[in-house]
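Each of the next two complexes has subunit A plus one other chain: subunit B in the first, subunit C in the second.
And now, the complex of A and B:
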């Protein structure tokens, strides 16, 4: 088979895996309340809002996902070198990472909530721990496995010179940075504050006044995951998938169109700059649309 | 030995400078309470920088690349810059979609009356009680400049380590640690949030560059020592 076609196929699979990984990562951070929006869950009881959200900002999302995916990558790398076949090595590596994830989640929830119990009256809900742990670890497993698959393809087919655990670490940090920058905004700025009218940022004076009631009953992390799966999760996945795909695709275009090494590289760089220019143009279009659609504040 | 040492020192200073350009609003931005991307300075700069580092490493591993050829070095650094810019451009764009369609806010910068690039008025679009939200054009362009510098800095550090004779694996791990070190130094200098080159905090950039210059020089001496011992 034509090697370029093989690389293109691997890149498409890698982009698809990255898309699923990004989406699962964001939804996991909504069920488990990770990263910056969790500051509001932490602040809630201090503002008199006793809640049933999970509470586990173990560390910044990039660092925690860097840890899980690197742990999975290191185990898989060791097993591959012992001669185990690829799918099983990746699954076992991701499984070990899921246990690490689960252990951190439980200890993080108990530590954070107990710290608020005495002074602010926030109870430790054991049923919240037990009911949320499955979705947290499950989404985390999907995210870690897909990233590990993308990292494996990068090292084995796509010419990445780094070893599997290092690529896994870098992918974990990158997906955490993306999830924290994109999908988490939907959870932090919209879902946690749905009782306020749509169409504004959260003023500092309202921070900590999070929604504690759901569409039906008392709100928990799984309600947030359901809501954010409509926009925040898919867009996070799309971001990571596009980054992996387009960054590799520009290299393949250079490979096909260019002649010698220098011309191939320059074409890849030019294609990259065109992609960035299109993104900048689209960003401006969205900005202009929002200014026209929502307009300025006139009642100051 | 002297050239890689100079490259590592410069790379550290460039990485530090790059972080100051990236528009990050930290935790408040995740609630659309401040302008910029809703994550931490170090995290976002590292996410973009590492994508650039991998793009540079893939280019450096191509057959026929000679690390002593200036044209090849320029290609590696530009590859790193473009890889990093793609990551940050798409993250800012898709984040912007969530701010506009998921939260319903208008991108608006708090640190300038008018966007210096588009000329759009900003203040009247800011939700009362907040310090702006989302990623207006000036922040987007500033972020792209920061990403390009981050990719160049990460790529330069990687090249220097390769020139010292480290394998790709070891050079990659040291470059990741080196990037984090300088990004954290920049983060201390910024102190939480920054909107980009139009933010008054940006004027503190010389302090950050000097700090990273010294720290990177020291790191460079240690790394050169490691390469002699290896």
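And now, the complex of A and C:
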């Protein structure tokens, strides 16, 4: 088959894998209230809000996903060298990463809750631990597997010169960073502070005054994930997929149009700048539209 | 200090004692990996987790000055310094032998060279954080030195256990070229930053943090055992991890004000 076609197919497949990974990663971090929203969950009991959120304080998402995907990558790489076929090696690697993920999750919930239990009367909810662990590990497994697949494609088809464990580490850090920067916006201030007006941010006086009641019953991490699965998760996936996809096209357009290396690089850079400019303009339009339509805050 | 970070609760063991024990264990583990490569992962990996435990213990002391948001950064700084010192130390010995015609036996001193390089590097970075950057943490220089040392020892410990020795060729071929040093960086980093990051708070106790630190060290060892496809050490590491983790969970449930299995909120005292 034509090698260019193969490369295009691999690029599309890694874009699709990145989309699924971004979505699963964001929903997983919402179940556990990881990274950004975590500090508010942590402050809750100190402000008198005894809550049933899962407090998954495993560092930030980039670092923790770096760990899972790197662990999965190292194991899969070892199994591939042993001669195991590719899908099974990737699945076993992701399985080991899911196990590590679960171990770290439970320890962080118990550690953080017990760390302020006596002073502020926050009980340990074992049913929260047991019921949330499945969605956390499951979504984490999907995210890790997809990133590992993208990393495998990058090293085997797309000609990435670095070894699989290292590429996996970098890809894990990337998916964590995108999930944290894009996804948390939909959960953090919007969901935990639903009782305050939209668009006001979180003033210091309100910090820790998180919502503990759900639409029905007492709120837990699953409600947050359910809420975010409508827009936050898919948007995170779309963002990450677009980044991989558009970045790939940037190079390919340069490859097709340009002649020598310098003109190829210049075309790739110009295309990149054009994409960033369009994205920035669209972002500004959406922001202005949302503030006008939903927010009480107007231009003064 | 009694605010968000906590961590100034009574210490079970003095910090320096933990540091010395952790450093000795890790260095002994490296020599075992070098001279008995057939048990490098079983014993070298086990002893390398001593360095991550000691690093986690130091993280507990220095991070207690913050609110908890800076704990992961401290772990990453520690492993960043450690990665640089490890590579520098390993390569320095090789270059010194080829350039200055020193005896080949110098290679046996690589763990000591890495120790010295990491202490010097950590001290310099600690001084820089105090002087131009202006961090007002009294134990900053001391802690950066210890963190750098523990980062370097855990990286070299796990890499030597994986590659089966600490000679420059073994480390470069066995862990750097295949990218396993990336796993050493992030897994050992998490083992150093996670215990205090998870357990912090006003009711933090040294016992729980240390138990979790040991569990994290063992799970790091488990990841390396699996990546090396070493069945004996995988089974040994997961068993030891299970024992310590169970102890941590039991201790946490004992220390909690109450453990509930039903979705009910305790009544607020107004």
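Observations on the model:
FYI, the second predicted complex is superposed on the first by the 283 of 300 C-alpha atoms of A that agree within 3 Å, B and C clash if a C-alpha of one lies under 4 Å from a C-alpha of the other, contacts with A are read in each partner's own complex, and residues count from 1 in each chain.
Throughout what follows, a residue touches a chain if its C-beta (ideal position, glycine included) is under 8 Å from a C-beta of that chain, and two chains touch if they have at least 3 such contacts.
Note that the structure is a prediction, hence the values are computed from the model and not measured.
When the shared chain is aligned, subunit B comes close enough to touch A:291, but subunit C does not. Of the two partner chains placed by the overlay, only subunit C lies in contact with A:125; subunit B stays clear of it. Once the two complexes are laid over each other on the shared chain, residue contacts for A:164 go to subunit C alone; subunit B is not touched. Subunit A is touched at more residues by one of its partners, and among subunit B and subunit C that partner is B.
Legend: residue contacts after superposition of the two complexes on their common chain; A:60 is shown touching both subunit B and subunit C.
Shared-chain residue A:143: touches no atom of subunit B or subunit C.
Of the two partner chains placed around the shared chain by superposition, subunit C is the only one that A:112 touches, whereas subunit B remains out of contact. By the touch criterion stated above, A:217 is placed in contact with subunit C alone, subunit B being left untouched. Legend: residue contacts after superposition of the two complexes on their common chain; A:48 is shown touching subunit C, with no touch to subunit B. Look at A:39: by the touch rule set out above, it reaches both subunit B and subunit C. Within subunit A, the residues touching subunit B in one complex and subunit C in the other are 39, 60, 63, 162-163, 166-167, 169. Those residues of subunit C that touch subunit A in the shared complex are 4, 6, 68-69, 71-72, 75-76, 177-180, 182-183, 185-187, 189-190, 193-195, 197-204, 208-209, 212, 215-216, 219, 223, 226-229, 241, 245, 248-249, 252-253, 255-266, 268. By the touch criterion given at the top, residues 39, 42, 48, 50, 52, 57-60, 63-64, 66-67, 70-71, 73-75, 77-79, 82, 96, 100, 103-104, 106-108, 110-127, 162-169, 212, 217-218, 220 of subunit A touch subunit C in their complex.
Contact residues on subunit A toward subunit B in their complex (touch as defined above): 35-37, 39-40, 60-63, 154, 158-163, 166-167, 169-170, 173-174, 176-178, 180-186, 188-190, 192-193, 198-207, 231-232, 235-236, 238-239, 242-243, 246-247, 250-251, 261-262, 265-266, 268-269, 272-273, 275-276, 279-280, 282-284, 286-287, 289-291, 294-298, 300. Contacts from subunit B toward subunit A in the complex involve residues 26-33, 37-40, 43-44, 46-48, 50-51, 53-55, 57-65, 71-72, 75, 78-79, 82-83, 85-87, 89-107, 118, 120-121, 124-130, 132-137, 140-141, 144, 168-169, 172-173, 176.
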